[in-house]
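As written, the chain order gives the labels A, B, C and D, with residue 1 at the start of each chain.
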């Protein structure tokens, strides 16, 4: 018996003993609906936490259809009161005061926001709401009309997961297994094969791992980054993952962020990565003053399709050659291909754009948006099957230079300028043809 | 040098070294204003935490006039965009969809809310915002036009200090001195004279003290309650404060909440007391199953003025007698007066109302609103000077009965019904005259 | 660079910079010997911790031959001073006072005890001494003349690992991975295959694991016990290990100690198991009052050789039958054999003795010595290869009954009486022949 | 009801329910004696912890007479067996082996050591044994025949409070009040007046306080040192105690140990101070690299009587002048007296010896023995009444120079050489007369 159910029994049940007994016979959807109604009722304050607990428990019993129905109910039955909105608006138009604006703000706020705040009261409620939004995002794919509801979740979660409430914790071999197994599960970039692989990645001599946690979600990581301490900037991922890179330890002068994983799909759009990288840079600068260079070794997941989509004949030819796999075993061929790969890689990162004018590469959007530069492309750098398919084995180092971060961020944000390292610039210049 | 300034030096300054150097020569008000502008600027994300830190530091340098000017600036320059509100409203009136409502909600939300969320990013920001609202509440007394701004603070702080984020901690002699000195400072009901007095109130044999804390404000208590474990329901405060009450310890069957203090004026209206009492009841029920009765021994701060304001001749006479102080030394006189005091006390709690129909007594509003009953009035119960002036020494026990809390709360909330204990009912009946 | 070496460099080296530089060129054996001499020298107090650290580091570099030589040096060069012993003895014989006895005690105490106490000063020294004794025990097998030295180690370690200094900690999935991997490594009874297997054994619903730790050896477990919460007393180990036992959780009324592992060979003879089991019984009694029965499911590692060694023809036959393995696939045969196995098993536990008159079974010696009873033998109970070879698959439940522990312990200690459960008594009676 | 008694009730009592009930009617002395007998009895292992608990509880009820009788019993009834000693000695004389020595060692060890080790088993036992020795040391003053017993206590406590088991903790305003009140109580050099005074001494900007703790005695400090961070070496204690010294904080280059207090009289002779000072030097060197000088500001408690005891006429005159108190208000007089005070102070520290040839000043013995130098005498430095009476207001700085500590310690230990600072050397030379 959990503490929760224990408390419910000793207290909640005494309060509402009969209704509870009946309730459990009701379908979960009905219990959830009546719980929500109860929470919004004036006068129900005394047992709100217990009611919220039961509502969350009922939600957890629902299948996707039930969840979708619940989300629709939130949209339709817990909206704002149109008459109140209209009247507050009229008042504001007349008075044009800040007081009138505040009244309008209150009238316009959908009631479901207040409901979600009450569902957050019980212990564990926050994580359940994060998971609820994860359900919503999934179900929205087939039901776009639910999108406005996501706006409410997003609004609340952004406020609750404000940077000021996040706690950065180092994750190492002394961390609870309960956290470590989540690291294994959530690692999204370079799969962790087993506990030995994990231990290698937490080796204190030349590795670091940091994550953000929120007090209300306890040991559940929100995002984490894996760092290798190296001598110089590495150009291939293999030695980092196998731990066979010989430099490191005391000789290390470079911190390499080689894997960043978001753990909670339900917190999509609540951005942590930017804060995390900068906090890690701060901490490492303090702990290890000999570390002077902060750089990533990042995948380039859009390179292969982008290259294949270029009209240039040289690009077409290169794409075919790279897809043909012969180069994997043929060192000479690799050497022959390398200059052209570097050129097209440079073009990809600097000129490849989405329709909206942003970098075509999603990882590039993140790091360039944080104020990093596209420092050096590396090929071949990752021979894992996925990396070969998505990027022909290409990787890139993004460089975080503290005294450049802001200027680069601004140039990128305002004019889309991609800061480049010398090697990337050289590759750009060296290329002939339309892509240059 | 604090860690914060250290980090700023090692990192932030490298980023913005020249502007910072100039900035510190500017008046704080200018630095604050330009910091706020910087935070709202698109593209300034890269150094937002450092900018927010500097803005908060600049705020802390302001005097009241400067603060008032800053608050006015928040009202005027960080409002919503009227054109955007109007256009979103028109859209909503046409479409009447939830999507349009969400757009309207975003248009109506004052920009200062977003600004305050960014000021919350730095470590320690949350507490500084709580203190900022404390300033606002103080300055609002002379500047009621600032009230709409308080609505924004209230909205954000209510969301951030959601019950789900609060942590209850027991406070005892093993707590850090840094917390204990705050308990001494914040005790608002029965002053703690010195550390010996405090130790007595934390004696593990028959005392408990619990507080709510928020992860982002660390060791700063939000509210705390002092509890004495007694045999039976006590009728006078003296022995509880001096620790001379002999029962307690293993024989105790009653937990007496004899002091509840809110610690943060800046969190006014964000209610914790209700949750705290119920959580303490739960914890004590588990820890000490022999404790069956949960009761307060509470002041009656409005009794003296209320009694003096009654038109009834008997009340006038009693008020005069009680004000005359003779009874303080005269046991016989006390005995003679007691029945009438009890009668008028019962009338006060049951029938004394504010213009809005709520109980005249502010403490009664809190406990009756929580679902407690007015169990027993006690006279004379507190001979401290303040208690004599405000209540002629009267105190009252509010009783928390778990299986009655919800029904009583609802009857009180919907119809203003005051649940009474048998002694109070008897006193009501025994009284003659118009008050009966 | 570790903190230790860091401190040595920043401080110790400043003290003894030149000697240190030379020292590291010396062979480890020489450095160790001169370190020991330095520690015993009058006047060397100022840098003893650093010297002890270096001596321990030098020891760690030695191979077995070097270690054996070091142990011999401890025996020969760090003994007591015979002249001082003689003179103190003469004094005592004359005076016959307690003061004279204390002087004699000091004269007789080998100097190596004082040396070992000084080697314990540095951080981590305790664990290194435990490991040193582990080496000694190993090397003693080929060098019995070292035995007196073990007496000194044993004397000191028994004092340092006094029950009063041990801390019991629950081990679960929230424990650091650094502890958990040691649990996997040290499990000596039923091998833990992988982290999934481990997680199953730590499942909070129906499993517990507790270990003793010592503050000076940190996260290094000394001994740990694995417990399953069951409905009734289990007779086979399989379901406990695979986690397929269905009862457990709330219905559980029995705690089964199914694996106890000593982790530190260097602490041989410093007994913890007795204390650990009793402490676990206390804790579980408090945490889960519905658990009423405390029992083991233990191996019988000496059964097979004992049975094979019985002269009785029935025993010989049974031993042959059990060794033939046919019964493993033949349920009928098992049923036919069972009564006789039970009879001989009962005889084994009750009458099987070593030359010294103790139970032949080493696990029986431990539990019967703790005051448990031989409650029920189970066959076949463990089909793992080792258990088949050593015990033909036999296991036994030892029962810990709090109100019987002391009487049983005493009867066992003074007269060798083995307390039996009803099933064992029945099996004893049912048997015919010489063993009965 | 404590956890302990709770456990006893729930478990121990079940084991020994009737004897316990009777036992509590027996006088404490009898219960203690029979508890000790029970602990030593072969076969009593099963309930030893509970028996030890009861014995300790019985001891705590005894008055001094009862305690003295108990100590005598330990001496007489728990000694070694003379026959066994004799036989083991004879064996050793014959065999002259280490094995025989070990047997002799075991025979000679008084049985009370084994008894005390068993009394250490229960939780809290260690502290109770420390307090028991404190009683013993007190009672020994009137009963010197108990001294051999102290040798056993000293032997065991030295082993248990080995440096390797001590934990250094920083004490500050975040420490539990339960620790801080002990700091107030145990401060033996410069009394802490109240909590405000304490807070001043823990101010993080320019103060530090560190203590040694032992895991088995929990929050009970063993020894602590108070440190002020200053600019330069201070010559008067006043500003350090009132906190009015202006330098400190970031400008500080000197750590001043101005108060060291042993907290446990029962650990007399188990030396911690040496280790503590050196550990603090290490920690501060790491935390605050700008701190280069480590120095004390120490009392000179034997100066006044020593000066009064000098036969030299100048000394006699000076002693009279200093005792006359006129100089306290007369700056000119002070200036006139100062050179002579400095001269005699230098002689006191350098030449003043006990009969055993050690420094006459007990504080000097400690610091010079640790390898510090007598750096500078200061007069007048402490105008507190006690300091005036014992030392005419004189204080001294002992200087800890890491690269000199060992050489100084050795010169002091082997030849009694007192290392001096230049000012002390100058004062020695400047003096005329026999003391020079």
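The working rule: a contact is a pair of C-beta atoms (placed from the backbone, for glycine too) under 8 Å apart; a residue touches a chain by one contact, two chains touch by 3 or more.
Given the structure is predicted, the values throughout are model-derived calculations rather than measurements.
Engineer: Using C-alpha centres only, name the chain that sits farthest from chain C.
Structural biologist: Here the answer is chain B, farthest from chain C.
Engineer: Go ahead and note the Å separation of the Cα centroids belonging to chain B and chain D.
Structural biologist: Centres of chain B and chain D (C-alpha means) sit 49 Å apart.
Engineer: From the C-alpha centre of chain C to that of chain D, how far is it in Å?
Structural biologist: Computed value for the inter-centroid distance: 37 Å.
Engineer: Report the inter-chain centroid distance for chain B and chain C in whole angstrom, where each centroid is the mean of the CA atoms.
Structural biologist: Roughly 57 Å, centre to centre.
Engineer: Give me the residues of chain A that touch two or more other chains.
Structural biologist: Expected reply: no residues.
Engineer: Which of line, ring, star, complete or other matches the graph of chains that touch?
Structural biologist: Drawn as a graph, the chains make one closed cycle, so a ring.
Engineer: Could you please write down every pair of chains that are in touch?
Structural biologist: Touch list across chains, by label: A-B, A-C, B-D, C-D.
Engineer: For a test of understanding, state which residues of chain D touch chain C in their complex under the given definition.
Structural biologist: That would be residues 7, 10-11, 14-16, 42-47, 49, 75-76, 79-80, 82, 85-86, 89, 92-93, 96-99, 101-102, 104-106, 108-110, 117, 120-123, 125-126, 147-149, 151-152, 156, 158-160, 162-165, 167, 215-216, 274-275, 278, 281-282, 285-286, 370-371, 402-403, 405-406, 409-410, 413-414 of chain D.
Engineer: What part of chain B is in contact with chain D in the complex they form?
Structural biologist: 1, 173-178, 180-181, 195, 199, 219, 250
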